[in-house]
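This is the structure, below, for whatever I ask next.
Naming follows writing order (A, B, C and D), and every chain is counted from residue 1.
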Amino acid sequence: MGGFGRKAYEFLSELGLGPRNPGCFVNGAWRGSGPVIAEVMEASIEDYEEGLRACANAAKIWMQIPAPKRGEIVRQIGEALRTKLYYLGRLVSLEMGKILPEGIGEVQEIIDMCDYAVGLSRQLNGSIIPSERPNHMMLEVWNPLGIVGVITAFNFPCAVLGWNACIALVCGNCVVWKGAPTTPLITIAMTEIVAQVLEKNNLPAAIFTSFCGGAEIGEAIARDTRIPLVSFTGSSKLLLTVLLLYLELSYIKGVESATVVMCIIIVGLLVQQNVHKRFGKCLLELSGNNAIIVMDDADIQLAMRSVLFAAVGTAGQRCTTCRRLLLHESVYQTVVDQLIQVYKQVNIGDPLEKGTLLGPLHTPISKENFVKGIEVIKAQGGKILVGGSVIDSEGNFVQPTIVEIAPSAQVVKEELFGPVLYVMKFQTLNEAIEINNSVPQGLSSSIFTRKPEIIFKWIGAHGSDCGIVNVNIPTNGAEIGGAFGGEKATGGGREAGSDSWKQYMRRST
Amino acid sequence: MGGFGRKAYEFLSELGLGPRNPGCFVNGAWRGSGPVIAEVMEASIEDYEEGLRACANAAKIWMQIPAPKRGEIVRQIGEALRTKLYYLGRLVSLEMGKILPEGIGEVQEIIDMCDYAVGLSRQLNGSIIPSERPNHMMLEVWNPLGIVGVITAFNFPCAVLGWNACIALVCGNCVVWKGAPTTPLITIAMTEIVAQVLEKNNLPAAIFTSFCGGAEIGEAIARDTRIPLVSFTGSSKLLLTVLLLYLELSYIKGVESATVVMCIIIVGLLVQQNVHKRFGKCLLELSGNNAIIVMDDADIQLAMRSVLFAAVGTAGQRCTTCRRLLLHESVYQTVVDQLIQVYKQVNIGDPLEKGTLLGPLHTPISKENFVKGIEVIKAQGGKILVGGSVIDSEGNFVQPTIVEIAPSAQVVKEELFGPVLYVMKFQTLNEAIEINNSVPQGLSSSIFTRKPEIIFKWIGAHGSDCGIVNVNIPTNGAEIGGAFGGEKATGGGREAGSDSWKQYMRRST
Amino acid sequence: MGGFGRKAYEFLSELGLGPRNPGCFVNGAWRGSGPVIAEVMEASIEDYEEGLRACANAAKIWMQIPAPKRGEIVRQIGEALRTKLYYLGRLVSLEMGKILPEGIGEVQEIIDMCDYAVGLSRQLNGSIIPSERPNHMMLEVWNPLGIVGVITAFNFPCAVLGWNACIALVCGNCVVWKGAPTTPLITIAMTEIVAQVLEKNNLPAAIFTSFCGGAEIGEAIARDTRIPLVSFTGSSKLLLTVLLLYLELSYIKGVESATVVMCIIIVGLLVQQNVHKRFGKCLLELSGNNAIIVMDDADIQLAMRSVLFAAVGTAGQRCTTCRRLLLHESVYQTVVDQLIQVYKQVNIGDPLEKGTLLGPLHTPISKENFVKGIEVIKAQGGKILVGGSVIDSEGNFVQPTIVEIAPSAQVVKEELFGPVLYVMKFQTLNEAIEINNSVPQGLSSSIFTRKPEIIFKWIGAHGSDCGIVNVNIPTNGAEIGGAFGGEKATGGGREAGSDSWKQYMRRST
Amino acid sequence: MGGFGRKAYEFLSELGLGPRNPGCFVNGAWRGSGPVIAEVMEASIEDYEEGLRACANAAKIWMQIPAPKRGEIVRQIGEALRTKLYYLGRLVSLEMGKILPEGIGEVQEIIDMCDYAVGLSRQLNGSIIPSERPNHMMLEVWNPLGIVGVITAFNFPCAVLGWNACIALVCGNCVVWKGAPTTPLITIAMTEIVAQVLEKNNLPAAIFTSFCGGAEIGEAIARDTRIPLVSFTGSSKLLLTVLLLYLELSYIKGVESATVVMCIIIVGLLVQQNVHKRFGKCLLELSGNNAIIVMDDADIQLAMRSVLFAAVGTAGQRCTTCRRLLLHESVYQTVVDQLIQVYKQVNIGDPLEKGTLLGPLHTPISKENFVKGIEVIKAQGGKILVGGSVIDSEGNFVQPTIVEIAPSAQVVKEELFGPVLYVMKFQTLNEAIEINNSVPQGLSSSIFTRKPEIIFKWIGAHGSDCGIVNVNIPTNGAEIGGAFGGEKATGGGREAGSDSWKQYMRRST
């Protein structure tokens, strides 16, 4: 809850939330028999099993419903969210800690995604391909997978569900969702809205099954052969470590990247299953380590505004947060000096209050990680230009921080989940691209320049190796019409727009 | 070499093959410093390393060449193959053991693939997507990966290379190929043809780098972080077992499926690499366990011809071989009786000779596996209706075999690489689909029927769970215009047509 | 108004309709200075000119708005229509004469179209095509046309607007609409709804400009060089004849088909314009003359229900109405006998009343045409099996009619806009296809059969030559996801789904 | 023949050409009973009729052949052309008058088009669209049209045939070709090559039917209801005028644009036909009036080279020739001065000779039109900066000419088919775009600039209104991967790449 004490937010009742909330929605009823975290009762493995059984039955019905009719359900979900937009945005802000416009923006993104999916429901087109055999034609048909598992992280506690669930649903799949353990109220409120739409349409509530819970439920989803596709978004190593231990796979030394571990875990789990059963695919959106490059011919003021927005927004806890700022040597000092001034004036405070730019980190642990991170930075030769400290207050507040550091420092390769920006100097475009590509992650990247030849190099074969390659806009702010996702350690999955829907279906030729 | 003794086939000189052949093509020169197998000197790890260094350099040049010009090179490769079609087909037949028309057909498939790829070289289209921001547009650009590794199996010693290499090349990638250890002459002859085309166009020979070799080279490719995509086709557990031991991953008990193991191995290898480096994707085409369903309203004669072609062709060593024949109870006895008659008349002999329908198995080990397989079948209740024995002769000949067995027998779930067909009886369409879907593999499947409602069910959400779903044609015989590949244990990859090319590129949004 | 006297339908005020209504919506205000028809004041040419000037100005603004934002406006239009669904449906039924479920269905179709267009607004994708020149790429960009003119007919007084306007608007075009002269209240009510959405979003009302009016306005749209695309839907020769006379093009003798005439008129008009200005494209959806073929193996009951629905629905005034029923000789007598029984029981009456299947024809002129048509039929050897007379009552009611007639009769080639069905006998599939294709129109066609080989022939190169080719469903009932439109005299245009949107934009390579 | 006297070019026999050549290829035999022009006997209407009858029969066979097999035929045609590349290029140069590299380039373009079409033959994909009805699917199938008529002009005597014929053939259509009356030897040589391929494959020669002839044959094609699609490319008003007179449509006053006239003629012809028969579609590529804009930040040397290539190449007789050069005022004088110098050094002479840049105009009439054009230019205030005269020699040689003139001059709106370049000055980008768009034609256009914001405006909604919109490359030089064609008076058709193939087929939903 972003470090705030619990206040009596009356609007919660608008979202169907009470003082005590059962944490899993199983076959149309709220239950939760696991341990109580805050006011939410987490799901037990028995709850999970019952939920999945109902979900598997619902899948048989849901996949038979014509796609345009499924689109109509998703449209109604969008409408229901639209009605609650303000309340849900407020809840995201309250529970996650991001500022209110960001909270509302996140909910709006699901609404947009619903609208998008409605159109998509009439466009899940297969192909008729000419055959070399006379009087024969080849068909390429797309069929539903059955159930899609969605495991989301605290930083986008509902938008990421939206990306996955909207498309999964119109594609004819049921959804099993496990939200982050630290954002259970959002999980519950979202589920409530979807459940009401399903009920109004006399459809099985188990089409959308959700759980508040931790590693145990996540592991169950990963293991479950009834779930052919698991979409996993996460930046924390916590859950993974737990799973790792559980599986006694810790013999793999030096594991640094969550991606690989998760993949191994999923595959590893499946190995232990009966090989007669269905194999799983996974869609991974993991850590990002995104750079903005500012060339000497860039519009400096535009670049500065973008960097601020990309580095400080959501307190640096977005997967698309700008973590590295690569400045051409000729503009280095000017930009750094000005950025320091801007950083000093950032409005820090209650995310629900108007005018706040920087809210608290998500949890006390996040704050602790920030402190540790700063120590590592210093140890590796980083020089704190501004910020670098926690703020002495009730919430998990930290200062927005700029660090001067060499691109080769090990800490730069990792994702410190907070408002810390590394600045670096470069001389040539080639050098800048090399630095951009030198980290294991490959999610997002931006360049600021006015020259077409630089732009074309940047988006070409020898340019950025990321999945998202921007020009004159920040690293964050993906649009749903394009495919979202990254290369390398980021996982390789693609969500939202373009032909991402094909991942949620199986192809028969 | 299909069990034949070595004869002086003069045509080999037409393909640039001599009595002693160095087994790797590294930076434009033939070399081979490893152990000598037959007349081919296998590649050593030093050869590999030198080859990859040259290939990585060539990649920088190749990806800069405009795609339509790359298409022109592939067109010339197609023309060169066309000139040597007959000789190459003969070599495939000689070295692999399949009958001559199949050998020629395999080479023809690469030629067709070249033609297809030429057109594709002008259609590797990205998208321009409308943005929600004013005066802004989203581009979805496709860039080359760099190097694509291709590891192929003995049963299609050159066609599978063709599927992968043609598309990989027009997409702007260099190719590193390791052919099967038992078909080195084909690897050499194919490489020779490609090398000549590259040379004629003054392009680095290392754009196409190939190795004859075994597990060590395969493992090197799997491990190599310079190769972002590895396409692996294989049905044999041999290589995998070696790798497995090497990695001491044998703690995973009860591993039955090659797929999972390979995937783990690749990922496992990558884990041990520096996480700073590029992560690999893999395209897997592994075992198939394909069924043909014959409904009571089917054209029985058409179905019979298809079954014979699909079950006996290539001595049952195709990944799309029909291994299971599901017959409606009302036609069961008729079909079985007639098939037995047909099987008794199958012409077995020298694959190069006209009229031969069934050549030898690939190696003595294949023959041995056949014998062991028949024993297991009998032990699990299978009843041999026809065949079941090896043929006492010089080559690795075995009888085409029909077995009556329960769908639940464990041996039915596995892929016995030989001309063994399991027949089973069913009562309803649902039952037939259930049996079809009850094996771990999910490559190909066919139904024979005249009713549209059965066809639509079969290709729909509750129908076959395979990647290839045929109607009134055999399980084999994929066309390059469609996507080739399977679900479940088969690996999930797609090669050849449709949008398969996207797997050979990386997307930047 | 379907032949009913004017009653005091209070619900009209819900749609913003008063006792006297100005008939054109020009630059955000209702006006109408032309002659008064019923209670609607038609637009004068001065009104038109003022409207177009405002529309052309609005076009500059509208095309600059990002496509997804335009999609949001269309979404809001859909929501507004949803709120008024029942009232609008009632108005369609009242003014056009179709039964209430059809009236509501028509409005629902626009709503669906809005939802579809919202998704489309993020998918108006151009392409990035690989160039043969180094460091060069080809872009294929889609830009708005500016203004799209839509001229609709009485039989679908609002759905056809919806197909065109939803796509035209998301593509960045303003819309100029002229509704049918006999359905002015629908034109006004629809416009009111769109105008309110535009106003709420502070957008120029002239983005959507509409006129009630006759030939003069239609001609002005056809002539207007500011309108690069005119979508014209019509089955009546009335308007055309007027235009023809006006243009003194009557020298063209023997003109039978509205299509050609309109095309000539549009082109002819443009010729007289200054050649410096933009040339017009036209999207034509004209008459249909649709057949249902019933093979000997068909599900007869299913076919009968479909024929009834397709031939009698909307009193036979749909462009997709089934006008010809081709029966295999072996089922001919059975089907005809049963259909006669069914036709005798059709519930004729007030279209707003529950249970009514057949409402009145649209106008007294329609009724008159029916009478004349029956005479011509008899003169050409047609035998009335059932119906054939007008019903003596206040409204424009006629009997649902079945006629036995030779395929060669001239009257069969024409479209008699009423509930008249021609039945014909055939012996072979080839003969049936030949009859199907023997009329000038090529909109829709259906076959009822259970045999896959017949289906594939029917949809193939030697099958139906229509734009819509159905199997086991009636000729009517197109879905918005597919492209709607016909070949031959039907005009060749395509509306609604698939890539129809490309017609509403211009391509730059 | 470019004004050259007839010499004994021995290479013609390599192309199957003799001293006297029958001018039509009808049902597999050369014939020609019309008047003799040069050494070619033109086709009579009787020849035409016989040819079409055979072609219509061949169409039934050709459309049944699987598309990939049709692709194989087109591949063989490409191979045959490759063998004769040099000879054919020489013939183009000799007969049309363009310089040898351009002649060879034109033939190469057909070869590339063949390669492209081979790939396309496996990608003529229809769609399977989700239906809103349960257990129902919508198919969008593409079927052949039957016969495609191709009427080409003298300036690209074989490339334009290639664009149309390659795609028409793989789409399953027969081709009826009428080449330009002044380039009959090319028509014959091309036909010979195609005919040999068809014969070698035992296919009816009438699949490709060609005629040397004039207006009478053109008119017959336009009228012929057996030809559902006519692709017409032409810049000359000659043929049209003849047709116009024939049809007595001359009442249409002030007709300036060939497009409209042709469209009217085609439609007009069809009107006179029985309306029962099939309606025609037409693909028009007519005149261009293409501008190059040079901004103040442009690479001037690059722009100059491009202008020279685009304005003087093919003696200014390309439809993509640059006819208007719009220069920013700040670079105007520099560019003009330098261009004048360059123009003075242009190498004029025998097109077959190495080093020649400018060959003769096509015919004496072309030369005469040049003279008349220069007079009109002067009368309208144009100032000749360089050139402006014919060259006193045996051939039809004229000087490359630069004219300073106001954009408003009437002569600038027209297409003077020769090496005449109008230069004009502008102050702002908006002004330049306005001038670019102020002519009736809308084929090609280029801008030279280094600023991304200018590029995006140029290719956007308020930019160039042409079908081809280039940046930093000349107006000519389209690639086959993109769609070729223009807007406005240019006709609106699209040939070659992208989804142009859809125009050559009919869609069934």
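Worth pointing out:
Just so it is clear, a contact is a pair of C-beta atoms (placed from the backbone, for glycine too) under 8 Å apart; a residue touches a chain by one contact, two chains touch by 3 or more.
What you see is a predicted model; the values in this text were computed from it and never measured.
Looking at B-D and C-D, the interface holding more C-beta pairs in contact is that of C-D. Averaging C-alpha coordinates per chain and comparing to chain A, the farthest chain turns out to be D. Note that among the pairs B-C, A-C or A-B, B-C reproduces the A-D interface, with over half of its contact pairs the same by residue number.
Centre-to-centre, using mean CA coordinates, chain B is 52 Å away from chain C. In this assembly, the C-alpha centroid of chain B lies 46 Å from the C-alpha centroid of chain D. Averaging C-alpha coordinates per chain places the centre of chain C 37 Å away from that of chain D. In chain D, the residues that touch at least two other chains are 64, 68, 122-123, 127, 129-133, 136, 139-141, 479, 481, 497. For chain B in complex with chain D, the residues that touch the partner chain are 68, 71, 75, 79, 112, 115-120, 122-123, 135, 137, 456, 479-481, 497.
Across the complex, chain C is touched by residues 60, 63-64, 127, 129-133, 136, 138-141, 143-144, 172, 252, 255-257, 259-260, 263-264, 267-268, 270-271, 275-279, 281, 413, 438-440, 459-469, 473, 478-479, 481-484, 487-489, 492, 494, 497-499, 506-509 of chain D.
Interface residues of chain A, counted against chain D in their complex, comprise 64-69, 121-134, 136, 139-141, 450-453, 455, 471.
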